[in-house]
Every structure is written in C-alpha cells, then in structure tokens.
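First subunit A sits with subunit B, and in the next complex the same chain sits with subunit C.
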Partner chain A sequence: MAELFVQQLVNWVTLGCIYALLAIGFSLIFGVLNVIHFSHGDVAMTSPFIALAAAQALAIAIGVSGPVWLTVATCIAVFAVGLIGVILDKVVIRRFRDAPAMMALVATVALGIVIRELIRHLYPQGSNPHAFPRLASGVALEIAGVQVGWFTLLVVSLTLVLVVLLFAFLRLTPLGLRIRAASEDRIVARMMGIRDTRVFRATFFVASAIGAIAGLLFASYAGVTRFDFGVMAGLLGFSAAVIGGLGSMPGAILGGLIIAGIEVLAQTFVPDGASYRLVFVFLLVIGVLLFRPEGLLGRPVMVKV
Partner chain B sequence: MSTHTSAELPGLGQAAFVAVSIQLLSAAFLYLILKAEGGWQVIGLLALLGAGFYLIEKRPQIADVVTASFSRVPVVALITAVAVVLLFPFAVGNNTYVLHLLIVAQLYAVLALALNFQLGSANIPNFATGASYGIGAYVSALLAINFGLSFWLTLPAAAIAATLFGFLIGIPSMRTRDTYLALVTIAFGVVVQQLLNNFTWTGGPNGLVGIPAPSLFGHSFASPLVVFGWKLPSQANFYYLSALLVVVAIITAHRLHSSRIGLAWNALRADEIAARAQGINVAWFKVLAFAVDAFLAAFAGTIYAFYVSYISPDNFTFLVSVTIMTMVIVGGMDNIFGVIVGAFLLTILPEKLRAFSDYRLLFFGIVIIAFLMIRPQGLFPQRIRSYGESR
Partner chain C sequence: MLELREVDTAYGPVPMLRGLSIKVQPGELVCLLGPNGAGKTTTFMTVCGVVRALRGKVDVMGRDMASLGTENLAALGVGLVPEGRRLFPSLTVQENLRLGYDAVSGRGPDFQPQLDKMCDLFPRIRERLRQAAGTLSGGEQAMVALARALIGEPKLVIMDEPSLGLSPKLIDEYFEITSEVHRRGTTILLIEQNAEMGLGIADRGYVLVKGRVAQEGPARELLSSKAAKSLYL
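Our next item is the complex of A and B:
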C-alpha cells in the first residue's frame, strides 16, 4: 500500500508540474491581455515536433547525435516556440484584445485548428504518433521501495527553477515591472510611458517558451507525441489556470497540482478510472467554480456601476 | 430608422418584385454552390458572395430597400419562401449528397438559433450546445431501440431530458460569468461527451446503431417520397421534417425576441446591473436561456439520430459546440436571418473545401480567423430594436 501511495505521489508530482507550467502560460497571457489564448496548448505541443526536427537536422547537417545534442535541439525548440507565440500575437491575437471575450475564444480555437493542421502537413507523416525520447533516464533514488527516475527529478527541479525565475523576472526586472503594470491597468500603464506592444511581445515569448517546456516534458512523459495532443493539453491547462484563478501565478500552480491530483486519484482508486478521468477532472472544475466563481486564488471582481 | 424608410417606401409592385427576385436569386445561389465541384467554381462563388457583401457595405441603402420591400409585402415574401423551400428538392432531384448537406445545414441552423438565445440575445457563452444536441440524440435513440417508442414520442421525451440538462448547466451560471462561465459550459460538454463514450449502455465509443426510421400515416421515412408522380429520394422526407423544425425554431425565436423574455435577455446583455436594478430576475432569465437552448438543440439531435440511424460520441464533441458558436458569430449575433445564413455557410463551406482534400480544415480555420478579423460584427449585424407600429 505504501508502495502504491509513493508511486502515485511521484506520478502526481510529475504530471502536476507539467500542468502547472501550461497553466502559467494561460494565466500570464490572460492577466496581461485579458484574452483567453485557447490555442496555447497547441502552441506548446508544437515544441516536441520542432525538437525532433531540430535533432534530425543536427544529425544530418553536422552528423552529431546523443543526449547533449538532444538538449541543444530542445533549447532550439523552446526558443522557436517562444517566437511562434510572438508572431501569433502580432498577426492574430492582438487584434482581439478589445473585442468581446467570446470572439477571442472562438478565434483562438480556430487558430488551434490551424496550428494542428500545419503540424500535420509540415512534419513528415504528421498524422501519425511519433516516439519522443525521455529527456532523462535511469533511477535516481529509491523511496519506500519505489524507484524515482531522473526524469521526475528533472521535471520537478525544472519547474521549481522556472517558477523562481519567472517570479524574479516579474518582481525584480524593469520589464517584469512593466508587465505587471500593464496587467494592472493597460491604459494607465500607457500613460506612464509603458509601450504595451513590447510588454505583449515579452509576455507572449515568456508564456510560449514556458509552454514549450511543458510540451517537451509532456511528450517525454508520455513517450510519444501527436499533432492533436494540444487539444487536451490546452483544455487541462486552461482549466488549471481558471480554477486557480486567472491572472494569479500561485493559483495556476495550485490548479495544475489539483487537476493532476484528481486525475491520478481517479486512475488509482476508481475501477476503470483511466477512461473516466476526464469526467472526474471536469466535474471537479464545475464544483470548484460553483463555490469559488473567481477561482481558488483569484481576486473576486467587484462590479461597480 | 422608421422615418428613413417611410420616406422612400417602395410601391407594392416594386416591393413584390424585389422580394421575390431576391429570394429566387438566393435560392439559385444556394443551388449553384451546392452543385459546384472543383476548387475554382467554389472560389468563384465565394468571391461573388464577398462582392455582394462589399456592395451592401458600401451602399447601405440597398439593404434598406430590401428590408422595406419585405416588410411591405409580407404575404408575397412568405409564399415565395414556402414555395422555394418546398420545391427545392425537386430542383435537386436525385442528388442525395446535396439533400444530405441541406438536411445537416438545416439542423445546424436550428442549433445556431438555439444558441443565439444565449450568445446573441443575452451574451452568455455556452459551449455545451453540442452536449444538449447529443443528449437529445441519445435519449431518443435509446428509447426507440430499447423500448420501441416511435419517433414522435421520443421527440418530446428527448426535449424534456435535454431541458433538464439545460437547467442543470444554468445553475452555475447564476454565480459565474464570462470566461469562468465559458469554462463551466466547456466542462459540462466534456463530461457528457466522455460519459457517452464510456457507458456501456450508450454503446461506448461505437455508439448506437440501427435506429429505426420514423414513419407518418403509414409512410416510412426510409422509403422514397412520391409526390404527384415525382419520385424523390428518401432523404427528402427528412429534408421536409428538418425544414419544419427550422420554421418552428424561427417562429419561437421571433416570438421570444418580441416578448418580455427577449427584452429581458437584451437588457442582460446591455448591462446586467442595470437590468437587476430594473427588477429583472437576472438569475432566472439566465437559466431560462440555457433551458431554451437545450430544448431546441434536443429536437435537432433527435432528427439527426433518426436521419443517420447511427450516432457516436464523436458527433457531439467540444469542436461541434465551437462550430455552432462560430455560426452564430459569423452570421451575426441576435439576428435570426443572419444566424441561419451563418449555419448554412459553415456547413456547406467545409464540404465544398473537399476540393482541397487534405487541406480543408486548415483553410477552414484560416477563413474563420480572417472573417473574425475583417468583419467581427458578423455578416448581418444586430438590428436596432424597433418598437410599436413602425415595424
């Protein structure tokens, strides 16, 4: 029993960190632009494909391969996805900033379709699942007879580092200050001489790059990647961000852990729980929003006349 | 607006001519685009459509003349419309594919009208219309398969079941709003779809097979329809049935729009706090919008189930709800006619993009995004409410 418990605890932490990283992107973009970027999941899930392509390109061009070069390829992917985010913002999402919320939602859902189809057509045999290597392998330590892999440690430490870096970035750097100012009140921020185009560019780069890391970890965790993984990644990440409270970073992390927790619990304790896991996840979402309509850590919005 | 139109009120004959010819032209256009094969024909017709809208945009008086003509001779316009709808299958003849497209388009028109009560009238997001549609389809199909109930009895049963579901989704809507409400409806939609996909008694991912065809006065809907010696394919039965449903939906929508309920929904959309201050029971009208949406969607679901005689959870996914939402936005929120046009366009367009085979979803996505950027108010923007006799 203890073994099972620890094993599921490990699974929960791994999955929870990945979801939290996805949710951070949603929350960050919503906080600054007030727009739901529904295709964020799809943007994030392009990163495994870009990494695979980059690894192959490196192998062909310079004739190198191996773990070190795989790391280089993933770094290229993270940077590239960050740029994709910036481009999407410039071309599409920025135009829906002041539109009704539903407009932006529908537009970004359509954008998600476009991204998925582009992966499918541009990547060789994009319709098929592609194996994705573990970014770290081997057993790191043993707790109560359960082997904890390096991969889990990688996910946890990477998430911690990213969260600390993000907090430092938002709190300590001038750009972070501008991002926070713009998310507080865009118009006043403009009056204070903050160029919001730059703020948006930075926000999208950071959010998409963090999403890309989540996408890489997810593909690595699943061992496989497919062009339509982005739909579920997007839905779960969005749910995590919303139940945590949109615009709140600690909320996004909490939401990610909760969503992963209910998923792991359903799979472990409910008979046939693996196929019902989404039912449990979304029932929980409904339940949370029923009692905390603004999310767990969200600020209640006071509507004034 | 009223003084403007009365100043240049068209004569009776002219009005009748405009009303009839506009309807015939639209029908001819629909016929052409349904028959069109090959990429260039489709692109050409779409360009024609775009040019038409550009013209209306540049010369708004054209639209004024058309609306004035229609309201001048309502009876003539109505008779033409009925004749066009009734005779269309005869023009199509034995092309069952075109009839199939028309049936699906009409069912989507009903779904879009259903969603329009919420998204258009009251500005409440709802991503669970696909789920209500699915509940309607599954309830009626299960009743027909397991208990041998006839189509006409399953119709109200499915509607009641879906309406209860609508009330259920409506409850969280009293507290949440905007994005949070959107997520609640998405969550409901996913839960329903996943349950349908996992329960054994719903057939799981394989769905339900062998739903019996309905019959009326001894005429089975699976057999060809013979009218005055003309033999129409069996799809024509369902074409007329779904056309009838569209008419019911239009009348419902129109009546609700001009009732106090429609007014209350519009007040909610304009300003929720102001509406509350006016003594409008905001929570009740929100829940009511969900219930009406689910009610109409269940009708569409029932007809769909009996028409294709095979349903699976894949027919009722989140993307179906998004498609319905797109139809409302593209057509024009809170504009009954616009919503129907949106539904037809977005049903037929992806099918016609088959000319681009594998790239059609890509094109579809790009077209939607481009449309939302270029014309965010929809094809036919919301009309300003007119009160009293000036309609």
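Our next item is the complex of A and C:
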C-alpha cells in the first residue's frame, strides 16, 4: 500500500509539474493580452518534433549524437518555439486582443488546427507517432521501495527553476515590471511610455518557450510524440489555468497539481480509471467554473467596459 | 506646447468634440472647465492619442499626434494624470513611480533622488512605497498619481480632474502643489470641475460645453464673468 502510494505520488508530482508549465503559458498570455490562446498547447507540442528534427540535422550535418547533443537539440527546440510564439502573436493573435472573446476563440482554435496539420504534412511520416527519448534515465533514489527516476527529478527541478526564474523576471527586471503594468492597464501603460509590441513579444517568447519545455517533458514522459498531442496538452494546460485562476501564476501551478492529482487518483481508485480520467478532470473544470468562475486564486471576474 | 486646432472626434457615430481649438503656451497653466459629459476627458484622450481626431490637428510638444503613438509622449517630456488616477493597482507605489520616472526620463540614473523629492512633496507617500497602489486610500492614490506624472520632471503635465473626491483640506494641498510646480516652470493643462480652485491658480481658462469651447480668456476674467458661471455652475 505504501509502495502504491509513493508511486502515485511520484506520478502526480511529475505530471503536475508538466501541466503547471503548460498552464503558466496560458495564464501569462491571458494576463497580458486578455486573449485565451487556445493553440498554446499545439505550439508547445511542436517542440518535440523540432527537437527530433534538430537532433537528426545535427547527426547528419556534423555527425554527432548522444545525450549532450540531444540536450543541444532540445535547447534549439525551446528557442525555436519561443520564436514561433512571437511570430504567431505578431501575425495572428495580437489582432484579436480587443476583439470579442468569441473571435479570438475561433481564431486560436483554427490556428491550432493549422499547426497540427502543418506538423502532419511537413514532418516525415507526420501522421505516425514518433518515439521520443527519455531526457534523463536511470534510477536516482529509492523511497519506500519505490524507484524514483532521474526523469522525475529533472521534471521537478526544471519546474522549480523555471518558476523561480519567471517570478524573478516578472518581479525584478524592468521588462517584467512593464509586462505586469501592461497586463493591468494597457492604456495607462502606453501613457507611461510602455510599448505594447515589446511587452507582447517578451510575453509570447517566455510563455511559448516554457510551453516548449513542457512539451518536451510531456513527450518524454509518454515516450512518444504525435502531431495531435497538442489538443490534449492544450486542454489540460488550459483547464489547469482556469481552475487556478487565469492570469495568476501561483494559480496555474496549483491548477496543474490539482488536475494531475485527479488524473492519478482516478487511475488508482476507479476501475478502468485510465480511460475515465478526463471525465473527472473536466467535471472539476465545470464545477470550478460554476462555483468559482474566477478560479481558485484568480481575481474576481470583472466585466470590461 | 500643446495645440488643438478645429478638432472633431466621435465615439462611433456619436460626435463628441466639434471644432475644438485649445492652445497652451510654454510656461502657462491653463484650466479646462466644463460640466459632466462636456468632453473634457475626451479632450484629454485626444491629446494623448488614445482617441483619434477625425478632423483638425493635435500638436503636442511640436509633434503631430496623427502620426505619434501615445507611448511616445512621455519621452517628449509629457506627464499624464488620467481621470480616476488609474494607478496600476497590484504594483507597489514605488513601482508605479518607477514607471512614471522611466517614462519621462528615458530610464535616467536619478530615480532615488527624485523619489526622495516626491516623498518630501507628498510626505504621506513615503511610508506607503512598498504597499500595493490599489490598497491606498483615494486621497493617497491621487497623490501618487500626481507624483507619478511629476517624478520624471516633465515639461508639460496634463491632469484630468485630479482633485475629484478629495477632502477640502487635501484639495487645498493639491492645488498648492500644482501651483508650485507651475511656478517652477512646468507647463500645465488642468482639467477641472472646481472652477474657483482651478481658475484661482490658472493663467487662462477654457469652458467646454457639449464638445465646443463656450468661453475662453484669462482666468481672472472667467472667474468674474457671470456668463461662465451660468454655463456650468
């Protein structure tokens, strides 16, 4: 029993961290642009493909491979996805920031489809699942007879580091201050000389790059990646952000942990729970929207005039 | 320093400002008066480039607002106090002031001395620097809003009803400070409903009614003119 408990705890923390990283992107973008970027999950899940392609390109071009070069490839992917986010914002999303929410919703959902189909058609055999390596393997330690892998430690420590860095960036840097100001009052921010193009660019780069890391961990956890993983990543990340309170960073982390918790509980205690897990997750989302629409840690929903 | 020539604006199909002409010369303190809904805030927003003029010309610091974005004003030396103060509520008072300072000074090196100056000017602010601006009282927020506009030492300050909702004592203090800033050489456009206080410290005034200038002239004349009073008091 203790073994099962610890095992599920490990699963919970691993998944919770990945969802939290996804949710942070949704929350950050919503906080700044007031737009729900429904294709954020798809953007994030381009990263494993880019990493695989980069690893292959490295192998072909300079004949290198192995863990170090895989790391290089993943860094390339994270940076590239950050840029993809910036470009998508510039070309599409920014234009909907003052539009009715419905338009932004349709546009970003459509954008997600475009991204998925592009992966499918541009990546060699893009319709098939592609094996994705564990970014860290082997057993790091044993707790109550349960082996905790380096991968889990990697996920947890990476998440902690990213959260601390993001927090420091938003709290301590001039650009972070401007992002927070623009997310509170865009018009007055402009009166204070803040260029929203810069704010948006930085926000999208950071959100997409963090999403890319989540995407790499997601694929690495699953062992495979597929062109349509972005749908699930998007739904789970978005739900986590909603439960925690859109726009709230601590909320995003809490939401990620809650969603992962429900998933793990369902898998453990409900017969055939693995196939029902999403039912529970989304029932919770509905419940939160009904009883606490602003999310657990969000600010009360205000009607924008 | 600031000139609107024959400016028209509209909200959708509803016309608001109609052929509005206003001028503020360097060193002047000009007071813009008018009843509720006269278009004072619309004028403020038009000067800032938030609302675009449909016709006519808006010049601020010698630049045409038709081609200048709101975000470029501060660097030209324009400090703004929008209606309702509009501090960034979850940012601390100091962060609000930092943004105001960086905006006008172009991230100059003298934030700390300027911050001290502002704290001397508004002693109430000093112990609130680390507090979220949204948690301040209305009067304190008004002080921070003015300090945020002044801290970078702008050449031109535009304020939209900064004294609204202040206690009589605080209003006196507020006008005293505004007048002092003007005496030190800052050009000011003050949008006000309180005609006596506003015109009391102003050089000239305009009375805005239904989007048009109904009357203008030296502050003293406006203050004593019956016509001006009857227009909005």
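Please note the rule applied: the second predicted complex is superposed on the first by the 300 of 305 C-alpha atoms of A that agree within 3 Å, B and C clash if a C-alpha of one lies under 4 Å from a C-alpha of the other, contacts with A are read in each partner's own complex, and residues count from 1 in each chain.
Assume a residue touches a chain if its C-beta (ideal position, glycine included) is under 8 Å from a C-beta of that chain, and two chains touch if they have at least 3 such contacts.
Computed from a prediction, not measured in an experiment: that's the story for all the values here.
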Fit-or-clash call for subunit B and subunit C when the two complexes are aligned on subunit A: fit
Touched partner set for A:Leu118, first subunit B, second subunit C, both or neither: first
Touching partner for A:Ala107 - first (subunit B), second (subunit C), both, neither: first
First (subunit B), second (subunit C), both or neither touched by A:Ser275: first
Which of subunit B and subunit C A:Leu172 touches, first, second, both or neither: neither
Residue contacts with subunit A in the superposition, subunit B compared against subunit C: B
Subunit B versus subunit C as contact partner of A:Met192, first or second or both or neither: second
Partner chain(s) touched by A:Ala181 [first = subunit B, second = subunit C, both, neither]: second
Subunit B and subunit C, minimum CA distance [Å, superposed model]: 14
Those residues of subunit A which subunit B touches in one complex and subunit C touches in the other: none
Subunit C-touching residues of subunit A, taken from the complex the two chains share: 174, 177-178, 180-181, 184-185, 187-196
Complex contacts: residues of subunit B adjacent to subunit A: 119, 123, 125, 171-172, 175-180, 182-184, 186-188, 190-191, 194-195, 197-198, 272-274, 318-319, 322, 325-326, 329, 358-359, 361-362, 364-366, 368-369, 372-373, 376
Complex interface listing, subunit C residues touching subunit A: 48, 50, 69-75, 80, 82, 86, 88-91, 95, 98-100, 102-104, 107, 148
Subunit A residues touching subunit B - in the complex, by the definition given at the top: 30, 36, 92, 95-96, 99-103, 105-107, 109-114, 117-118, 121, 231, 235, 238-239, 242, 246, 272, 275-276, 278-279, 282-283, 285-286, 289-290, 293-295, 303, 305
